[in-house]
Structures are given as structure tokens and as C-alpha cells.
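This is the structure I want to talk about, given as C-alpha cells.
Should a chain be cited, it is by its letter among A, B, C and D, assigned in written order, with residues numbered from 1 in that chain.
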Amino acid sequence: MIDSEDKSAIIRLFHVYRNYGVKHALIDITLDIFNNEFLFISGPSGAGKTTLLKLLYLAEPVSDGQILVDGLNLSRIPRKNIPFLRRKFGIVFQDYKLILTKTVYENVALVLEAAGEKRRLIHKKVKSVLRTVGMEQRLNSLPPSLSGGEQQRVAIARAVIGDPNIILADEPTGSLDVDAADLVMDLLKKFHTRGATVVIATHDKALIHKTGGRVVHLNEGRLQVTPEI
Amino acid sequence: MTPSVKRAIQDIRQNRFLNAVTIITIALSILIVSAFALFFINTNDLMNAWKRGIRIMAYLKPETPQAEIPELKKKIQNMYGVSEARFISKEDALNGLKTHMKRQSSLLDNLRENPLPDTFEILMIASSQSWERVEMLAADIEKLSQVAEVEYGQRWLERFTNIFNLFRLAGYALGALFFMAAIFFVANTIRLVLYSRREEVEIMRLVGAADSFIKMPFYIEGLIQGALGGIIGLAALFVIFLFVSSNVPQDFSTGFFHIRFLPLPVFVAVIFSSMFVGWLGCYLSLKQYLKS
Amino acid sequence: MIDSEDKSAIIRLFHVYRNYGVKHALIDITLDIFNNEFLFISGPSGAGKTTLLKLLYLAEPVSDGQILVDGLNLSRIPRKNIPFLRRKFGIVFQDYKLILTKTVYENVALVLEAAGEKRRLIHKKVKSVLRTVGMEQRLNSLPPSLSGGEQQRVAIARAVIGDPNIILADEPTGSLDVDAADLVMDLLKKFHTRGATVVIATHDKALIHKTGGRVVHLNEGRLQVTPEI
Amino acid sequence: MTPSVKRAIQDIRQNRFLNAVTIITIALSILIVSAFALFFINTNDLMNAWKRGIRIMAYLKPETPQAEIPELKKKIQNMYGVSEARFISKEDALNGLKTHMKRQSSLLDNLRENPLPDTFEILMIASSQSWERVEMLAADIEKLSQVAEVEYGQRWLERFTNIFNLFRLAGYALGALFFMAAIFFVANTIRLVLYSRREEVEIMRLVGAADSFIKMPFYIEGLIQGALGGIIGLAALFVIFLFVSSNVPQDFSTGFFHIRFLPLPVFVAVIFSSMFVGWLGCYLSLKQYLKS
């Protein structure tokens, strides 16, 4: 069981809608995500989980409603400040989004390079985080030569290397066997313990039961808040 | 080495095929445009050599006293566009005519007196020549009190100048066309290359990279590609130049004009333009992908 | 519980190796897959499951050993006959491999078009199979506008539309919630009942337990045959 | 409509950007190469018009009887490369010389007898002309028993021919260069386009599509792109042609030679070549991706 220690909201959604043409991917979502919370967004395939996360890091704009992240109103952020918003997040994308022409090392190092870190520090951190996910042997491999689970672990490494305030993980264990999944969940819990807010989108009920934390349920774009497990 | 340069070099290594394509495209474009420039520079030289053949003949009035000749010569030589004024006495002229007419020279032996006038042969400065200038100068000379009549060029020379102007007009049109086409091909190739790498750009943005961070290595790559392409293109042009110029008829290049390669300033300018084009291609394409 | 009715082998592997440089992805695999069998290849991330499937449809050559499919020795198939080999298979790729610029309809229809089917028939079949996986509403969507689970269902529809003799499914339910996964497994069982051989690579032990069938276990490239469950 | 054509058209719609890029690239290449062809065709016309000015003067021996003239004329006219032989009697020649010499004609008035010979002025067929042919023909004519001496051209005409040959040589070199470059640009663009679609090709192969099935729509697209590119390129050339030709000095195009656009067979040939290039680009690129 994981406790949320701090009850101030770090992410707030007010009556958020997201439409794609006539398709309503998200309908009237109002939700507070608290500081240092460990939150699951569950729901069946096509419920809108990925869409919800995308709105948070401004990959897409809301169709209607407001989102505040860390007190910032997302619809008011000027274009040139979007990178700074995104650096608050560590994101595990559902389709990994690894750069196929860059090595595992380079993919993970990218986040720190973009933030202007020193080479020495980058080197140390990348090695250490890849060790945590069990990919330290594959530093110089290109993503297409990795198995599905290996790619996912690299994606997770990249998400956490910047020591982000908020971790958004979209099906972070979908391609992993039970042992590897436990390893990853332990890693996320460790960051949670250190103060990070963790939001996991998943359809995997077993994973939710095993881990604990607050769960919000999405279905056909609508939110069904269930009591904490 | 700054991190951006390092990333640019890494990037070139990781995308060898795409980089090779871009560099070859730039090289070929440079080759085309500078081949055209080379052709034009040499044609111009040739034209100037030809024009040096244009001379104005000023026939003096029979009553002109010998004493006025040196002063008149000075006057003509000071006129705008004149490079040399050579005096030909009527005796020299008759002798010249005799040698020139060869077979029919017998008919000159029977003359009672020399019917030819004293003459000034006037050469023009090559650079300031155009058919209009020749005509203006001729009119000015004709106004001199001692000059009876002015003759300049032959019909064919005027014709030739007209033809050359046609060449030049078509040449400018072609040159402008090639130049724009080359820019298009380069920009286009870079755009396609970035198109096939748009996912990479998108991913970098998603993990929080600022636009300037994303762009920098591409720009550096563009400059490197431009420089390499320019050098390769000019090297290829030089090889072609050597081949063509060694096939030019001998009496030609040893004669009144010499085929020459691009002068150094043009050479350097081409390399810099090439780098600029490489950079510009990146700039325009990236602008598109980083818009939304 | 699923029974394998016909005990003649349709796929035979003899001492198969697959190396990538110094990395041994598969080591000395000898395995018979029987006609109309429902087989699970289980194993943790990086065990070699995907690699094993790739060898069967000649996406990659073996480093050593022999593979027979339907009596054909794969190392003896001339290049121009490879498409005919592949048409025996219906393949669900782990990363879906949908064509991103073609619609759902076109992606699925492709298999039949390549086999030279008539337009009319193609139209009917595509609609029907998309209905089975619950994607009949998204005929004209492009894959990037689909959720992860929706993409996977399209991939499954494409795998089964050609009525293949052998279905190779690589984590076919990795992005699906329990209900959608059940739907897909029912579909695969239906094809099994009709006579198809089904081979599923997965790390999901729960799925295996629930479905039943023979299981072979891969670990670090080596085969550990376990008795039928 | 066959399924392949339908798939090709679908494909063009789905990849509008890539198709537009390919078509524009082909159009520009066609524009360049055919601009060059146009320039060359017209220059050749001009050259022929010029060459029509080359004439051989055959001076007859003074003792030649008038009676032999018609037979001699026939003989000369039957020689290879001769288009016309015009007889000029010595009286006509003297009158001509008088008008020609204008100012100095007074010196001809004092002649005791006409020193000029009878002459044949011989024009050559334009197409069969080269400096060597002129020389050969002159030598042949000189061998005739009635002919005393042969004179042909002037020094400047020889020079002009030499210059023109230099132009031609450089022109061929440039033309060959442009042609190869255009092929490269087109092939390259198609290659980059297919590069950015290589995953699609790979997926089709994995689901059991035969190579021919994969290739067919690409080939059809290549042909369509080639045809469209060719038409657009030639249309653009025509616009440029109109612009340039309306700027040519009037006495030029109304004079001894007319600027003209590409003749129809060349036009059609360009469209077909363009389609061939589109197809070839696809062929070469696909061969690469379908190799392994």
C-alpha cells in the first residue's frame, strides 16, 4: 500500500474535453492529482488514458476546459516555454518513442544533454540508471536490435533519468514479464518515495492490485472515480 | 569541441546514407553552377579578345597640315574609352593596300597620285566596349575639325556583337535557371532527409529539448555538408576543366586568349555560398517541422 | 483446455542457432510444432521468443541448424518463393507493423490484395474480420490516430484475414484489457478449431494458464520443454 | 482500372508531399535539360545561317574562252556540297569593286584595262559544312584546268568557326553534365522518397506480398510523376522561351534566322524520356530495398 503524504494538487483538470473530429476521446474530466501521489489511470482499450496523459505534457491541446500543472495554466504557456514544462515530467510512452538511429546510451543521455548537463555527470547517471533496469550490457545497441521488453526498459530509464517531479508512465510494464515488471515498479516506487508524483496509465488490473495507490477509472472518455483501494 | 559539434559529428556517422546523398547533391549543384560560371568567364574573356579587334578608322581631310598631327593624336588618345591611336600616313596606307590586294595590286601601280588620306587607327579599351560605345566614340571623333570621315568595324562585327548579346541573354536566363534549380535541389534534398528524420525531431521535443538544442547539430551538419559538397563539386569541375581545355584546338588557347579556371576569389565565394546553402536548406526545413 | 488433434509436425526445428555478433539469441533449439497445435512459447524479456518466430517466416536466416515448414526446408527456398511461404502464416507482430500512411481498411485488405483476391470478396472479408475484433467503426482511420490496443486489434485482424494455416502471434494481448484479450483469444481458438496451428509467444503466465495448450519455455535462448498443462 | 493503377492513385493521394517533391524535381530537371536543348537547337540554326555566308571564289584563267563557261558551271554545281555556282564576269567584278571601294573608287577610273578575272562565286549546302569540307572543296575546284586561283572565306570566318567549335565543345560538356546531374537528382529524390517509405515496403514483404506486387504501384507512380513532371517542365520552358524571345533584338529574329521552340518530335521525346526517368528512378531504388 502506498500513501500519498502531501495533499496539495500538483495537477488539476477542470472540465477537460478532447475531441477528434466527431469522436470524443475525453469528456468533462475534472480531476486533481496530488503532490507525491501514486495514481493509476485504468480503463479498457480506447478509454482515453493515453489521450489524458498527452494533454498534460502538451503533446495536444485541450478542446475545452483547463489544466494546471504546478500552478501553470497550460493554455497560457508560450510556445518557447513548452520544453521547460516537459522537463518537469518523466514520460514512458506507450510506443516507447526511442530514436531508432541512436544507441541506447544516446537515447537516455539525450534528456540530460537537452537540459544542459555536463558530460561527466551524464555519463555516470546514464550508466547507473541503465544498470537499474538491467540494460547496462546494451549501451551501444540500437533500439531495433532490442527485444520489445528491452526497448521498454530503455524507455523507462529515459523517463526517470532527469529526476523528474512527475512521472507519467503509459503501460510501463506491457511488454515485461513478471520479474522485469516488479523491477520497474520498484523503481517507480523508489522515485515516489523520494518525492515524485507518479501517474501510471494501465489496463492491467493485476498490476494495480499488486501495487496499490489511488485508482481512477476511465471508460469511453468519462471518469469514474473509485475509492482508494 | 562543443557538445553541439560533437553531436553533429555523431549524427553524420549515424546517418551516413542521408549525409552522403546531401553532400553529393550539393556537390553536383555546385558543379553545375560553377561550370556555368566558368563557361561564362571564359566566354567573356574571349569576347573581350575579339573586341580588341574593333578599331575605328578616322580619315583626315587632305588639307590637314602635318604639324597638327601630334596634337590631334593627343586629343584622340584622351577621349573616353580610347586605348591607343596610331597614325598611318597616306603612303603607309597605300603600301598596306597594295600588300592586302595582292593579286589586284597591279592596278595600283598605274596611279598618278596617291588618292588615300592620312588616317588614325583607334583601338578601344576592351572593358568599356559595347556597340553603342563604339558608335558614340566614332561620332565624337567625326566632330573633330581635321577628320573628314570615320569608318568603324565591319558589318559582320556588328552582327557578331548582336549574336553574342543573344548568347549572353540566353546565357543569363539559363544561368539564373540553373542557379535556382540548384538551390531547389539542395533545399529539397535536405527537406526529404529531415522528413525521414521527423520522428526523431518529434521525440526530442517530447522529452523536453528546446528548439535551439534540436536545430544546432542540424545547422552544423548543414555547414559541414555545404563545405564538403562545395569542395567536391569544385574538384570535379577542375577535372572536367582539365579534360576540356586539353581538347581545345591549340591555335586557340595559345593565341589571342587563354582558357582559365575560376579565379581564387570566385573559388572561395563558391565554398562560402555552398556552406550558406547547406545552412539555409536546414533552416527552411527545420522551420517547417518545428512550427506546430 | 485445448487438444492437439493431429500429431504430425507442421514445423520442425533441428539444432537451430541464431547469433547476433557475439550475442546468442537462440541456442540449439530442437522443437516440433504439430499440425493444429495450440502452442505457447513463454519466457522472460529477451529470451528469444520473437527471434524464434522471425526464423520461421524467414525474416532472418538461421545461423546454424535446419527448419522445416510444411515439409519445406527453409534454407532451400529460393528468394522468389518466400512470399508463398509467408502466406501460409498469419503473423501478429509484437510492434504491430501497421503501415502508418494507410487506413485500417487498407492495412487489413493488403494481405488479400497481395494474394490476388477479388475486390468484392476483399471488401466483405475485411469488414467481417474488423467487426470480430471490434474495429468496424474505424475503417478509415490511420494507425497513428488509434490507441495502442486498437492498433493491436487491427494487427490481429490482418493476421487472420487470409485464413492462414499457421498463426504466429507475438504478445497478441500485450496492449489489451482483459475483455479485449478474451475476445482475441476466442478468435484464435476459433481458427484453431477450424484446423489452424496457433503459436503464441508471450511472457504472460496468466494468459497461458487461462487458455491452456502446450507450453515451451525459453530462457536466455535455450529451450526448456515443460509437460503439457 | 486495374488494381495496381488504383493502388498507385491511392498511394499518390496518401503521400502528397512526397509526390509533389518528386514531380517538381522531375519538372525542374526536364526544364534544365530541355532549356539546354532549346539553346543548342537555336544556336545551331544561327550557325547554319552564318555558314550560309561562306562562299568560295574561283578566279578563272584570263585565256578561258566564254564557250567553256556553261559546262564549267555545270561541273562545279555537280560537286559534292555545292548548292549554287554563280558566274561573275570581269566587268561585273570591276563594277562591284568600284561600288565596294566607294571613296577610293577614283583610283579605278584611271585604269588602262580591266585587271580582274572572270569569277565563279560558289555557295555551299549549309548542312554539309565544316571548315574542313570548305577546304576540300576549294582544293577540288582549284584542280579544274580553267581555274587560276581559289579564294575562300576570310581569316575572321575561320576564327569564328573555331570559336564556335569551342562553344560547341564546352556546350557538349555542360550539356552532358546537366543531363547526368538531372538523372541523378531525379533518381536521388525517388530514392529518398522510397527511403522514407522503406518500412512500408518491408511490412508488405512480411505479410506475403510478392516483389512484383509491391513494385507495380511504385512503377505506375513513377510513370505518372514522369509524365506530369515532363509536361510541367516543358510548360515552364515555354513561358521562359516566350519571355526571352520577346526580348531578343528585333533585327535579329526577323533577320536571317528565327528563334524557335522545341520541334514537336523533341517535345514528345522529352515527355517519354521523362516518364522513362521516373520509372528508372523507381526501378533502381526499389532494386536496392528489395535486395536482401
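To be clear about the criterion, a residue touches a chain if its C-beta (ideal position, glycine included) is under 8 Å from a C-beta of that chain, and two chains touch if they have at least 3 such contacts.
Quantities reported herein were computed from a predicted structural model and do not represent experimental measurements.
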- prompt: Chains in contact with subunit A and with subunit C: which ones?
  reply: none
- prompt: Among the chains, which has its CA centre at the largest distance from subunit B's?
  reply: C
- prompt: Taking each chain's centre as its mean C-alpha position, how far apart are subunit B and subunit C in Å?
  reply: 67
Approximate Å spacing (C-alpha centroids) for the pair subunit A, subunit B: 62
- request: Return the distance between the CA-based centres of subunit B and subunit D, expressed in whole Å.
  value: 23
Task: Just say which it is for the chain contacts: an open line, a closed ring, a star, complete, or other.
output: ring
Touching chain combinations (by label order): A-B, A-C, B-D, C-D
- request: Flag every residue of subunit B that touches subunit D in the complex, lowest number first.
  value: 17-18, 21, 24-25, 28-29, 31-32, 35-36, 39, 42-43, 46, 50, 59, 97, 103-104, 106-108, 110-112, 115-116, 149, 156, 160, 162-163, 165-167, 169-170, 173-174, 177-178, 181, 184-185, 188-189, 191-193, 195-196, 240, 243-244, 247-249, 251-252
- prompt: Where on subunit D is subunit C touching in the complex?
  reply: 3, 7, 10, 14-15, 197, 199-200, 203-211, 213
Statement: subunit A residues touching subunit C in their complex are 20, 43-46, 49-50, 94-95, 145, 147-150, 152-153, 170-171, 174-180, 203, 205-206
- prompt: Across the complex, what residues on subunit C touch subunit D?
  reply: 57, 59, 80, 82-84, 86-87, 89, 91, 93, 97-102, 106, 110-111, 113-115, 119, 158, 162
